[in-house]
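Contents: one structure, followed by commentary.
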């Protein structure tokens, strides 16, 4: 159940070039209930300032029920994330969460393919861990601008096959991460993707062209501007074949085939 | 413990008594259930539902919201299940709650407002109706009901005739003569007036060279509009005798106090809920503590206190007119 | 180097050619001299003087300004030396400057506007007149000129008859039918239209339980009002053929671009100057660099580009009316 | 001449309980031209946020032409000053200044009385130094809530007579700083005061009651909400016997007898 709470920043680790991996405290007992694909919303302004006004959503990168903490991956992009990236150990954040639905691993799936673009990497690490714990095989594809923009291999669970692509060819395949997908289409039972909208469109094209009999299925984490995060404002909807669905409660994870792209 | 209770429909035998003057605003609190997990909804004075329309609406295309300096624009487009869908789902839940639920209704024809009011009149679990007149009047070529005193009064009269429920009429800040509209809806039978609804605004996406919102324009809310809202409440409070519910950019106790001092008997909080859901209950608690500290036994003592002398009813459109125009000239 | 020049009075033989479209707004740049020390005034496209009135005015009592969320309220009350005092002091200084100086005039009677225009007509050092119609019309019981298309046209016609100088008429956002007012002043002879002036707002000092400003209400400016300003520029640009000067909350290049895309041929910057005087020149430099990067040779290429199709002249008051009202209903 | 410049924070020293004495760099050569009573305006918000919108004025506490630095005394009060007080060494501030007129020491004055309330202490330290450099005698009266809210004696030049008052009597006189003034009225040729409006009113009462033949004269630093700081907006005026005067250009220092209180 979502709550509004103060999370204390315990650690800030620079990753992926300009991003920060933040460890933040959770209310006791919350970590155990959080699942991969969920997110939290953070107030990214100083007390007394009203600008920027709205919270910013961040995917849960990982949780540790033993220490009652979670980790978040923050890329400085605009004003909210820049403020967040500047926070220091010991400061607290006003957090609302956990929010949203979760990636669903099918009971029959054996081989899972992760497709991550940029900070989209965040929820897929946690999902990989959950899959490994169930004894499944995981391949993790990641794309970024340059080698430094990729998740360091040490951050990806060792049992995962980690394959990368960069725009400039400075590591792995030169080109889009979605170029790598066809090789895994017959192997994978399910694909889980998180990244920019352009990546989904390209992924969709690749999958539609090559898949057989609707396999593998694809779940995507869709990014929408959000206000409430709780299904109340109807500002974040995604049109699906079954009508308008909020991406904060019914999403952010959607079956690719359900979404009206 | 000071007395925070307020009756928003003193002229109505069915009355609308709130245990405190803090109300969650329409469109910003869903149907109450959405927030039941993150806060204690029962603490609220009341809440107002998302706007309900005669027929179901799937709303506008995306994007529907965007952030602006100290504010936000929304063009949700009144996505809702329609009055019939609404009736099946929510009143029976609310009936079990102690907090008064107010239903916000929107329509594009006078008869449609009346139709909805008639349906709501008989239902359990509904404490009152808030009539959103910031809607296009199809019969008048899409001209907004709330911009015109006559059309606002027509809606009010029709709804009044259709129900004995407490009736709050919610004014549009797009009306040039907000005082004239207020007097007209008071005269037409409103139990209370709420204001302000959103201002009409637009943001342009410089990269795409198109308006950010799919609908082009949207409603501006949040702290950015607070000074306009306080001014309008102040002006309307100088003219009408029925209770006023003030809103627009309230982010904490001090903002709420501005509205009470301007003449509001209760406040609604909208956009702030998105940013800080805990704020609703915090304002209630802090209001009680503040009144204790200031030695104020009842809210009525401060309602309208910022007026040098509460004037008698004035002619429509003349409240502070010269001041207002002169000041706009810097 | 892209072409930033713009003529704000193409229908006028005296023309008003600016080397770039960035203008310092009235009331926020004094008489130009105040900022001469902290920035290079000669870089500006133009600047507009503080509003001048027929007689000297000592302005409103203090406090005259207060900060609001992402905005400010002002009730200066047009403190100025009057047209005679003004004439003695500033035109002779401006005559030696290369930057066009535009004089903002305010009055409470049609004849007084004309009187000032006649005096300015003959003077050196004055590139144009901006007519501030957000003033109370004493003959109409204090009703604001700029809220009414007919009264706005009367002022424009009288000033037009009194001078051949380029004439910018500055609209009031308090007008409900901003498009109708714009069409009326275009028809009455304005060379260009500028908008928006400030919205009317109020803040209340919770400690004193009184309005913060001695004048009670004040004009709201700054980023808070930008969405309202962009929307109005977009609507007016869809209707008139004369150039539009957009303003309201511009804090940097991206904000200025929103106004150009909405249909403004030039922009004014007001409140932002107080916070960052260096911003004026920065916007000019960044605009040139941005156009270079985007391969835009002339500003005209992007003016109004956010309009799906620039519609022909539409009926007054009907531009986006349904959208607008619907959206305000969330 | 005023300029808009970036000043780097070189030091932050806690003083007067909750306040901070900040050392900030100036453009080369500016320090030498700055005089006691002037102020600077600082932008007190993060990049990209528009709230709070306007600059905040701070009196110049002291300058060092050798190192091209100035010092400012910042009391955390509301949102702007709280933001400022949180800044750290190495960060830069967007500063507009120097602004305003200056305290004027009369050529015939020998004995100067300073009357400071709270952060009003700032410009009077610099003025005392200027006076001592001219060989004049200075008595510095300061008032505050408690002992800790006073300027530490080490911060006041040694040659100055430093006398204090506290509301709670925890140091010096128990009561208002203005209670101390009558004792110095016959000695002082000029009085210079900086503090809250209430202090001026009480000072004015004391002086009006006791002074003889218009001596001593009193100069006060008046605090007004400001926007431009340059005389352009006319938002900060003070009514004087000779008309409306801006407190950013014609002030903030006024002859007490000139002001229409």
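Which chain is which? They are A, B, C and D, in the order written, and residues in each are numbered from 1.
Assume a contact is a pair of C-beta atoms (placed from the backbone, for glycine too) under 8 Å apart; a residue touches a chain by one contact, two chains touch by 3 or more.
All values reported here derive from a predicted model rather than from experimental measurement.
Asker: Chains shared as neighbours by chain B and chain D?
Answerer: Neighbours common to chain B and chain D are A, C.
Asker: Centroid from C-alpha atoms only, then distance chain B to chain C, rounded to Å. What do you get?
Answerer: Their C-alpha centroids are separated by 32 Å.
Asker: Need the CA-centroid distance for the pair chain A / chain D, whole Å please.
Answerer: The computed centroid separation for chain A versus chain D comes out at 53 Å.
Asker: Any idea how many Å lie between the Cα centroids of chain A and chain C?
Answerer: 46
Asker: Just curious, how far off is chain D from chain C if you go by their C-alpha centres, in Å?
Answerer: Going by mean C-alpha positions, chain C sits 37 Å from chain D.
Asker: Got the chain A residues that touch at least 2 other chains?
Answerer: 50-52
Asker: Check each residue of chain B and list the ones that touch at least two other chains.
Answerer: 27, 50, 69-71, 74, 76, 222-224, 251, in rising order.
Asker: What topology does the chain touch graph have (line, ring, star, complete, other)?
Answerer: Complete.
Asker: Okay, in this complex, where on chain B does chain A touch?
Answerer: For chain B paired with chain A, touching residues are 27-30, 34-35, 37-39, 50, 58-59, 62-67, 69-72, 74, 76, 79, 222-224, 251, 271, 273-278.
Asker: Over in the complex, which chain D residues touch chain C? Could you list them?
Answerer: For chain D paired with chain C, touching residues are 1-4, 43, 50-55, 94, 96, 224-239, 243-244, 249.
Asker: What does chain C use to touch chain B in their complex?
Answerer: 26-27, 50-51, 60, 68-71, 73-78, 106, 132, 134-136, 141-145, 147, 172, 174-176, 197-204, 206, 209-211, 213, 215-220, 222-228, 230-231, 234, 249, 251, 254, 257-258, 261-262, 302, 305-306, 308, 317-318, 320-330
Asker: Using the touch definition from the top, list the residues of chain A that touch chain C in their complex.
Answerer: Of all residues in chain A, those touching chain C are 50-51.
Asker: Give the list of chain C residues in touch with chain A in this complex.
Answerer: Within the complex, chain C contacts chain A at residues 69-70, 223.
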